[in-house]
Structure formats: C-alpha cells, structure tokens
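Everything on this sheet refers to the single structure shown next.
Going in written order, the chains are labelled A, B, C, D, E and F, and every chain counts its residues from 1.
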Amino acid sequence: GFIFTRHSQTTRIPSCPHGTSQIYVGYSLLFVQGNERAHGQDLGTAGSCLQRFSTMPFLFCSTNDVCSFASRNDYSYWLSTAVVMPPDMAPISGRALEPHISRCVVCEGAAMVIAVHSQTTGVPACPDGWMSLWKGFSFVMYTSAGSEASGQALASPGSCLEEFRAVPFIECHGRGTCNYYTNSYSFWLASLNPRRMFRRPVPQTLKAGELENIISRCQVCMK
Amino acid sequence: GFIFTRHSQTTRIPSCPHGTSQIYVGYSLLFVQGNERAHGQDLGTAGSCLQRFSTMPFLFCSTNDVCSFASRNDYSYWLSTAVVMPPDMAPISGRALEPHISRCVVCEGAAMVIAVHSQTTGVPACPDGWMSLWKGFSFVMYTSAGSEASGQALASPGSCLEEFRAVPFIECHGRGTCNYYTNSYSFWLASLNPRRMFRRPVPQTLKAGELENIISRCQVCMK
Amino acid sequence: GFIFTRHSQTTRIPSCPHGTSQIYVGYSLLFVQGNERAHGQDLGTAGSCLQRFSTMPFLFCSTNDVCSFASRNDYSYWLSTAVVMPPDMAPISGRALEPHISRCVVCEGAAMVIAVHSQTTGVPACPDGWMSLWKGFSFVMYTSAGSEASGQALASPGSCLEEFRAVPFIECHGRGTCNYYTNSYSFWLASLNPRRMFRRPVPQTLKAGELENIISRCQVCMK
Amino acid sequence: GFIFTRHSQTTRIPSCPHGTSQIYVGYSLLFVQGNERAHGQDLGTAGSCLQRFSTMPFLFCSTNDVCSFASRNDYSYWLSTAVVMPPDMAPISGRALEPHISRCVVCEGAAMVIAVHSQTTGVPACPDGWMSLWKGFSFVMYTSAGSEASGQALASPGSCLEEFRAVPFIECHGRGTCNYYTNSYSFWLASLNPRRMFRRPVPQTLKAGELENIISRCQVCMK
Amino acid sequence: GFIFTRHSQTTRIPSCPHGTSQIYVGYSLLFVQGNERAHGQDLGTAGSCLQRFSTMPFLFCSTNDVCSFASRNDYSYWLSTAVVMPPDMAPISGRALEPHISRCVVCEGAAMVIAVHSQTTGVPACPDGWMSLWKGFSFVMYTSAGSEASGQALASPGSCLEEFRAVPFIECHGRGTCNYYTNSYSFWLASLNPRRMFRRPVPQTLKAGELENIISRCQVCMK
Amino acid sequence: GFIFTRHSQTTRIPSCPHGTSQIYVGYSLLFVQGNERAHGQDLGTAGSCLQRFSTMPFLFCSTNDVCSFASRNDYSYWLSTAVVMPPDMAPISGRALEPHISRCVVCEGAAMVIAVHSQTTGVPACPDGWMSLWKGFSFVMYTSAGSEASGQALASPGSCLEEFRAVPFIECHGRGTCNYYTNSYSFWLASLNPRRMFRRPVPQTLKAGELENIISRCQVCMK
C-alpha cells in the first residue's frame, strides 16, 4: 500500500497510472497561508488532494478558546488550469472559479514511487527495474504574497509536474475570490551543461516559447 | 517495518495500536525555533518523539568553531496536556513542567499508515482494505513567537490529533521556563458544506463549546 | 524498493551500505534560496543528491511568461568538505569550487531506513531486528543569509551526519562564487542528562576540541 | 512652524495644547500592512492623522501598470477607543466601526516638540525652559498579524500616549471589517530601579489593575 | 536651516523651489537591502540623495573584523525615470544604467517643509500662511525582493512624488546590473469618498490610463 | 531648541559640542527586539539615549490585559565600547556589563544638525555657513538575531559614528546577559571612485587594518 497523488492541471479528473488503483479524487491544494505564514503540502502526497474545495478550507484557533473561520486575511493556493483570466484582471469568485482549479486523484500502488530529474531538457530514464508512471517538468519551490514560500521534495512525484506553466497556481482569499498576482514566482530545476558545472552561470532571460528550453525534465517511476 | 508515532496529549504513555509494536517512548516535540526560525517535526514521524525532554533540547554552532547551549534566546514547543496553568499566568519551570508535557510512543507496523480527512464533522471511513488505528481532528499548521510557523503533512498520521485543543502546544525557553502565549495560533481543516464549495465562505466566530462543530474529523488507517 | 541518500562530506563518492545497491551518484544539495526564501531537501532523500552541480541549479518564472536564470540574487547551499578556504577569506569560483563540494550516492534497500538519536554522546543501538548502516551526529536545522532556515526530519537518515562540522555547508551565488559566512548557523540535538530533564538548562559555550562532548549521537538503521 | 499630532484615543476630537494652533483634524492611523509587510506612521507626526477613514485607505500597483484597491488581503491599523467589543467577539463593520476609531488633531507650534521618558512610574519634568503639552505612557513598538511590527521614535511626542491600554489599536481589513486579535502586542518602556541597572531583570507577570505600576511615564514638552 | 530633498524622476537635475537654495545634487536612493533586510531613506531627507551612484553603494562587516564589498547577494533600489527597458527584459549594466536613474537636489529653506494629502484626486491646499513648493501623488510604501519593505512618513515631502509611476523604482545588484521585477509593488494613498468612510470598500482593478483616477494627490508646503 | 544625541562608544560620558548645551546623559540604545521584530531608535535622536540601562528596558502587553516583563525571549541592543570580551566567549552579566555599554548625551543647539557623507575616505566639508560638530564613519544599517534589522537616516547625525567598529553594538537578553554573536552585521556606506559610478563593482574582502580604506567618512554640521 504505497499512496501517491497525480494532478491533471485541468478540470478533468486524472486517472491513476496503469498498475495502481484509485483511492479518491479531489482538488489540488498547493499550500495554505495563515497569520502570514505558508505551509505547503507535497504534491506527491494525499495531503495535496482535498476532497472539497473552498477558497478558505481551514480556520484558526487561539488561546482564549475562540476559533475564527474566514474572518481574517488568510489565503489558500491551488494548482490551476490553463484557462485564461478575464481581460480586466479583476478577481473572480463563485461558479467562475471552478474552471481554474486543477483536479487530482489519490492512487495506491504496490511499491514505492519516486521522481528522477535529468537537469537537462531530455526526459531521464527510470532506474533499472522501475516502470514509468508519467513524465514532466522539475518543480522545486514557489513564493507568493509576502514572499511566503514552500516547495517540493525532489524525490517525491510531486516535484514532477506534467504541464509546465510559468505560474502553475492561483491565489484564493477568505472573502471568496481568487486571482493571479505578479508576485507569485515558481522555481524549477534548470537544464545544465555538464561541462560547465564549475563555471560561472551565464545569466539568461527567456520569454514565452523558449521556456521549455531551459527547464529540467523528470520522470515518475514505480518499482 | 513502517514506523509511526502516536501522542497521548496527556502525561500517560500511549499504547501502540493493535497489530503494531512499540519501539520506544518519549516526549512530544512539535518544533524547535533557533535564530528566530522554526523547524517542525511531523507528528506522525519518530522525529516528534524525543526520549529525553528539555526546555532546550538543541544547541547551535557557528563559523568560528564555537557552539552555544542555552545561552541565547531560542525556543522549543511541545504538545501539551489539558492541565490548566496557575491563575497568575506566570511561566512555570522545574518539576512543575512535567504535568504539561504530552507523552508519545513510536510504533512499528507491517504496512503503511495514512490519515484521511472528511472536511466534515463526521469521522471518515478508511479506504477499502485498510484498518483503523485511531480517529481525531484535522490539524494543519501553527504559528507562535514571531509568527514563526510549521505544519503537518495532511497525509501523515501526525495531522490527526486525538484531542482537539484551541492551542495544543506549549512554548518553552532556554532559561528553563514554559508558558502559553496569546500569539500561539493553531490551524485546522474546516468542516465544509459540499454544496457551497464555490460559494463565498461565511465568516464565523466560535467559542468554547461550539468548536467541535466546525473542525474537520479524520481517521488514521493502516493497510 | 526503499530509496535513501548517503553523503561523504568529502570529494570522495560514498559507497552504498552493505545490503543496498547504488542508483546514482551526485553532489550534496542542502537547500536553495529564491526570492529570499529557503527550501530545503531532506538529506536522507534522493532530492538532496543532484547529478549535476552548479552554483545556480534553478531558475524562476513569473506571471508574464518570463523565466530568468542566474540574473538576480539567489543562492544555493551544499554540504561541504573539510578543505580549508584561502586565508584572504575571499569568495572562490570556477575549478577551485570542486574540492569544497560534498559527494553523495542514492541507494536502494529492501526495507525502510530510519535514524535513531541518543541525546547523549553515546551512539544509540538500532531497534531489535534492525541493522546498522552508519553512525553520526544529530543534525536538526540550519540558518543562513537573511536567517532563512530549513531542517531535517529527525526520523530520516538525513538527520544523522557522519562528520560533525560547526558549519557543514557552503553558500553559493548565481554569479558563480561560493564562500562561508558568519551568519550561517547549524543546530544539533544536545547531549542531555536524564536526571536533569525538568531542570533549568545550564548555559555553556564550547570551543573547538570540546564540541563533540555536547552533540547528540545517532545511528541509521534498516529493517 | 513646527507640526505635531495629538490623539484623543476616544471619539472626541482633541484640542491643540495652549500656545499651538490647529491645522486639521482626522482619524488616528497607526500603520498600514501591504503584501504582508508593515509600515508605521510616527504618532507624533501629521502622517498619523488622516482626514478620511477607511478600513482600506491605500492601494497597490505593480509592474504591468495595474493597480488594485481592496481586492487582496491587506490591513490597516488605527488607534482605538475604550469602547468594548460585542460579546460574540465577531468582527464589526459599517457604522459600528465609528465608536472604535480614535480622533486626532494636527497642531502647529512656534518651537520644537519632544517627549521625555522617566523609566519610572513618575511623570518626568520637562527640560529647563520647556513647557508641558501633555503627559502619558511610554509607547515603544507593536506587532500584529504575521508579527509585522513598527514603532515610535522615543524622541517624538508619538511615543507618549495619554491613555494606557494593553492593546491600544484595532486591526481593519479591506473587506470592511475591524477586530481585536490575540496576536496584537504592544511594547512599552518599563519602570526600572536605578540601583538594579546592571542586575538580572526579575520576570514579572501583571494583570489588569496592576499594569500602571510597571509602565514608564512620559511628558511632551515644547521649547 | 531646514533641509529637504527634491527628486526629478528623470535624468535632469531638479531645481530647488523658489525661496530655497541648493546644497548639493545627487542620485535618488530609495533603499538598500543587506542580509535580506531592507532599510529605507525618507525621500524628503538628504539621506535619499547620494552624491555618487553605484549599484552597490554600501558594504557589510562582521564580528571577525572582516568587511566585504559586493561579494554577496545584496541590493540597492533607486527612484527611476520613464525610460523604457530593452524589449528582451534582460538586466542592464554599465553606461546603459545612467538613463534609468533619477536625479535629485538637496535644498535649504528658511522654514519647515511638510506634505499634505487630500485623499481625493484633487490637489489639497497648503495650510493658511504656507506656500506651495510642488504638488504630486501620495506615495506610502513599497515592497521588493523577498517582500522586504519600507515606506515614507506621510508628513515628509518624500511622500509626495511629482510623477506617478506604477513602479517608480529600479532594483540594482552588486554584480553591476539593474532591472525591474514583477514582485516590486508600490503602495499609494487612495482617493476616498467621504460619504463612504464607514462603508465596505468596493474592490477595484484599474489599468494604465485610469490609474490617476484613484490615487490621492498631495502638495508640499513651506511656512 | 533643536535636540540631538552624541555617543562616545566608550564608558566616558561625551560632552556636548561647543555652542550646544546638555539636556541629560544616558546609555546608548540602538534598538529593541520584541516578538522577534526589531525597532530601531535613530542614533541622532534623544530616543537612543536612555537614562537608565537594563538588559530588558521594555515589556509587552496583550489583549487579555496582561503585561509580561522579562519572561519571554526578547532582546535589546546597545552601542558598545572597545573593551574586549572574556576569552571563553561566554555571555557576561551583572557588573561585568558596565564596561561594555556606550554612554551618550542629549544636547540642544540653536539650529538644525545634519550629517553629510563623502562616499570617499576623505572627511567631507560642511555646507557653506554650517559649522562642524564632529566627524566620523557613515553607518547605514545593521542586522542581528533572526536577521532582524533597522538602520539610520543618512541625514541624521546618528549616521555618523565617531568610532568605526566592525560590530559596533552588543546584544542583551531578558535573562540579564549580553554577548557578541557572529550573525550581527553592520552596514556602512562605501568609498566609491566617481569615475566608476556606472561600472561593475569590484568585489573586495578586507581584514583588520585595511577596513578604514573602504568606509565612507562623514561630518556632522550645525547651521
């Protein structure tokens, strides 16, 4: 019984890879931010797949035995889809949110599941005797409001996202709105030239269309 | 050989669930804070169960080959019991600390152990073919001095605390004292109405006696 | 198929312990710091062993579909060796970096691997029926530029470093340089007297030569 | 033309001290918090007295020439009155806010205005040749959501608050609500015994009724 | 002898207002960021006008009597001009920097200089008996790399910028480069409707061309 | 009546410069740190000269009308003297503290006092018609425990320290101890070559004996 999670980065519920069975499906939670501090869920674990979505899936309690729900300025962040936002750049809410939230599935396999990263633009092979579950892009960490940050364990399938997006997640607020903000950053392993390992890195700025040329590829494998 | 930890949130040493065997017992460490930064131990892992308690279980070292123990302003945080503090709200120390520190046991099971969360006030069922170890409340994250924070992996048994307390942990200092402070916050998954998933959350403030009506329940399961 | 990582803290590639087999070898990544926030890799996992070294192994992307590599002020931190720095304390770069970066190996064992900590200066025994892989010192957390911090799961083999160093890691910059800085701190479990568990900790300052007298020892064990 | 501000900590507009003339009146802004960072206005300056109140008196702009008002999770903090909150501890909004917001006046004097602090429970005298404007309690700094903090220049009249309150300010949100939260802390100069200056401070915990026994007093003086 | 600073937000050296005399001219420093913490200079003071520009105008020193210049990842931020960046969005350096850095002048007047803010889109009048020096837009605070922040005292002439720009400053690095980044945010006082002071703020998103409709105006006045 | 402060950086009480008169004398407070956030006092203002020293000169209060003095892990930082610490590097306390704390005097002059900085190793001249009060080194900012930071307004006499020290301040704790720590950093304006203003800064590392060659000089002037 080894449990892992797969995210579609679309509104379609992903299927469990061949040889594994579905436990439950949900919505792709990346991290929560309470009292201005972030706490991430590894995207390879069941904790990143919540069965119920809400812009505010949690509450807080304090010393005087009082708990508060959605009454202060907290955040949740979810993996998102490729659906474009309305042109006025205003926050969205209500039913309009649904097309933007990625779906996920929690699966059970017979053996351990790992990610391997090539640090090149080529997809790495699985270790001998391991089978491929999916291939993707090497996702390391992210920052958002207040530069609060969390990240992925590179050994976890959560560090291998099947779709590359410059900002693969959306920010949601307790007041019921979500939006993309310019201070959301995503960090990825880079494609590196092995002959330049101990040389000074050459700064580069890449724009849409060239991005896949510099992001490391990965593969998720099961024994 | 799958290892997990169980916490009693009392001064009683908890027992390993049926079908698992005890490795060792200890005190329930939640996180340490050094140089004003927090680092948490997942409550579902052996790292959260230290065999020896101290208000200062760690030390720090720096570049000039000097290490310092208990000589600067660091913190440790431990799961606590329901024992009430003295009415003068002053910090406690020495033998008076012992009734406030939760005990734990590290157990070994034959298969993987996970937590499942209902996001309702009902306890969720274990997946088919998994047996229940315990049920509890869905603990997500916490903040304390300086709003430093850490949290639980929701897939880990550490995210399913058997007792709900508004502030389930106590703060301890290198000078040998512990106390509860008003800027300690705990964060829990909320009970959500599935028909309101994409609706604006309704702010709520709940006081002692009503709190269990809004906290998500969970179950810890073993294959 | 249980995967773990071993670090030599030298330029020598470590061997996989008896009874386990090598998956791949690499360089010992401790954590990355982007947009002034740190994200650590557990030293016991494959994510801490990158097959290719670079002072800047990652890049960042933002909302306008632009990604930037090595063009802003980010950091990477690597486990280092005992090789001393040049006496002028200036940053090093290029080929001169290689002797300072620790090597690692990712291994596969047939069963789970854990660390146990004694909280004394004696090496703890493995649980009954578990075999020893290596012994070391109990490494808890670290802080560096901006006091950004991350740490180890004490249940992971990554929390048991075979060599004790007051600062076991080196800081590298996107401009191709690395150096040690005085605001790098390492945190270790302390050796504690069990008869003084609920007593006030006695502050101590220790210098080179005495340090091993106060650091907790650990052992990494496999079922 | 020396400008300073006086705050009533009530809903009454304060008067300018004898010998000074009124410039304008307003509401007592303590600090704003945007993108999870606080920026304080010194309470002795005109910047802390805004002619118009709003729970969200500011907006933010970013690189793509977009500005957003009240659409993300920002905060403003205002000096408050002694009016008690409703017993259900829920946030308040709309007209119900008005009784809780302190009023202020910006005054012009002919000479410089300073605060002097006694570090005792006695009100200090003004320097020779300076006249008293008001006396109060020595307010140093404060922290709130996310422990974000700012403070007062002790030389400024803003560091001498006429009323002592354990939490002299209220937190407001862009959604139109305000409330008191347990992680709001205020910091004050303490009353010190001059014969114990180089002795170890004796920890003390004081409750309502005893608080004025430990807070330093101050006086605001004009040449 | 009252000293204040005026910034042109162009490469032209501004003139001192009528009735004041020039002390020296320089480059418009907004803030420095060292060891990942920001420290701002109030734009109304002489500290924001450095006679010499450098992407790294400062250095740091530490306990072992070592100082380092430009060898670690620090930042400086300067008020910038309206000159557009090259279309490839890559950082600029060397002589190409000069057109982007605002110039300033430090002036001496016979009396105190203050800013007044209307919190409307109309320019406020100076208090009776005060003369106008310039009018502008009400600049409150800013955040940048790592969300580090600082701000302006609203009573200071530095809070009244003559040109409104969504991001009025540029980020520079010790390696000699400068650029604009999407996580630079500026915060401004908003234009408010006095009849809605205690009403819920209406969220708004404004784009280029509409921005001046929502920013508060200000005037700088001298007695 | 213009008030400013002068610090001796020795245990000797400094004298007020010719033409100014003494208001009171005290101890040189640099900043306080409460709930892990720093708040600095400008060294040029009276707020940086406290008449009474204590390792814990302040207390904190919270929402439930409780105030606590010296019972949690707060800090104060003071300008220090050149007296060397004991060789065992252990914290000092009690009477042994007195030789390490700088003394200060608050003075009143007839006109405004400013600092001017040369950004070279030469002391700058005062503006025409201003007289010199003292000359020094250009002190910008500092960071300490948790990298908490504050700084000086460069227009204030507090930014011109008469003695250069790599770490000019000492850290004190509520438990009554003080010490120097390796993560205390000071930041100073650098000496710059005007012909290289728009050139890439050349990294430099300087050790004791060379430090004055790279620190900018300053002069404090009164009209």
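Note that a residue touches a chain if its C-beta (ideal position, glycine included) is under 8 Å from a C-beta of that chain, and two chains touch if they have at least 3 such contacts.
Model, not experiment: these values are computed from the prediction.
Peer 1: Taking a step as a move to a touching chain, how many steps at least join chain A to chain E?
Peer 2: 1
Peer 1: Same residues or different residues: which describes how chain C and chain E meet, taking over half shared numbers as same?
Peer 2: same
Peer 1: Where the CA atoms of chain D average out and where those of chain E average out, how many Å apart are those spots?
Peer 2: 25
Peer 1: Measuring centre to centre with CA averages, how many angstrom lie between chain A and chain D?
Peer 2: 42
Peer 1: Just the number, please: Cα centre separation of chain B and chain E in whole Å.
Peer 2: 46
Peer 1: Show the residues in chain E shared as contacts by 2 or more other chains, in ascending order.
Peer 2: If we look for residues of chain E contacting two or more partner chains, we find 35-37, 62-64, 66, 71, 89-91, 143, 145-148, 174-175, 177, 181-183, 185, 203, 205, 207.
Peer 1: Can you tell me which positions in chain E touch chain D when the two form their complex?
Peer 2: The touching residues are 111-112, 114, 116-119, 127, 130, 140-141, 143, 147-151, 153-156, 159, 166-167, 180-182, 184-190, 192, 194, 196-208, 211, 214-215, 223.
Peer 1: Flag every residue of chain E that touches chain C in the complex, lowest number first.
Peer 2: 35-37, 62-64, 66, 71-75, 89-91, 145-148, 173-175, 177, 179, 181-183
Peer 1: So in the complex, the part of chain B that touches chain D is made up of which residues?
Peer 2: Touching chain D from chain B are residues 88-91, 143, 145-147, 177, 182-183, 185, 203, 205, 207.
Peer 1: In their complex, what parts of chain E are in touch with chain F?
Peer 2: Listed in rising order, the residues of chain E that touch chain F are 1-3, 23-24, 32, 34-39, 41-42, 45-48, 50-71, 93-95, 97-98, 108, 174-176.
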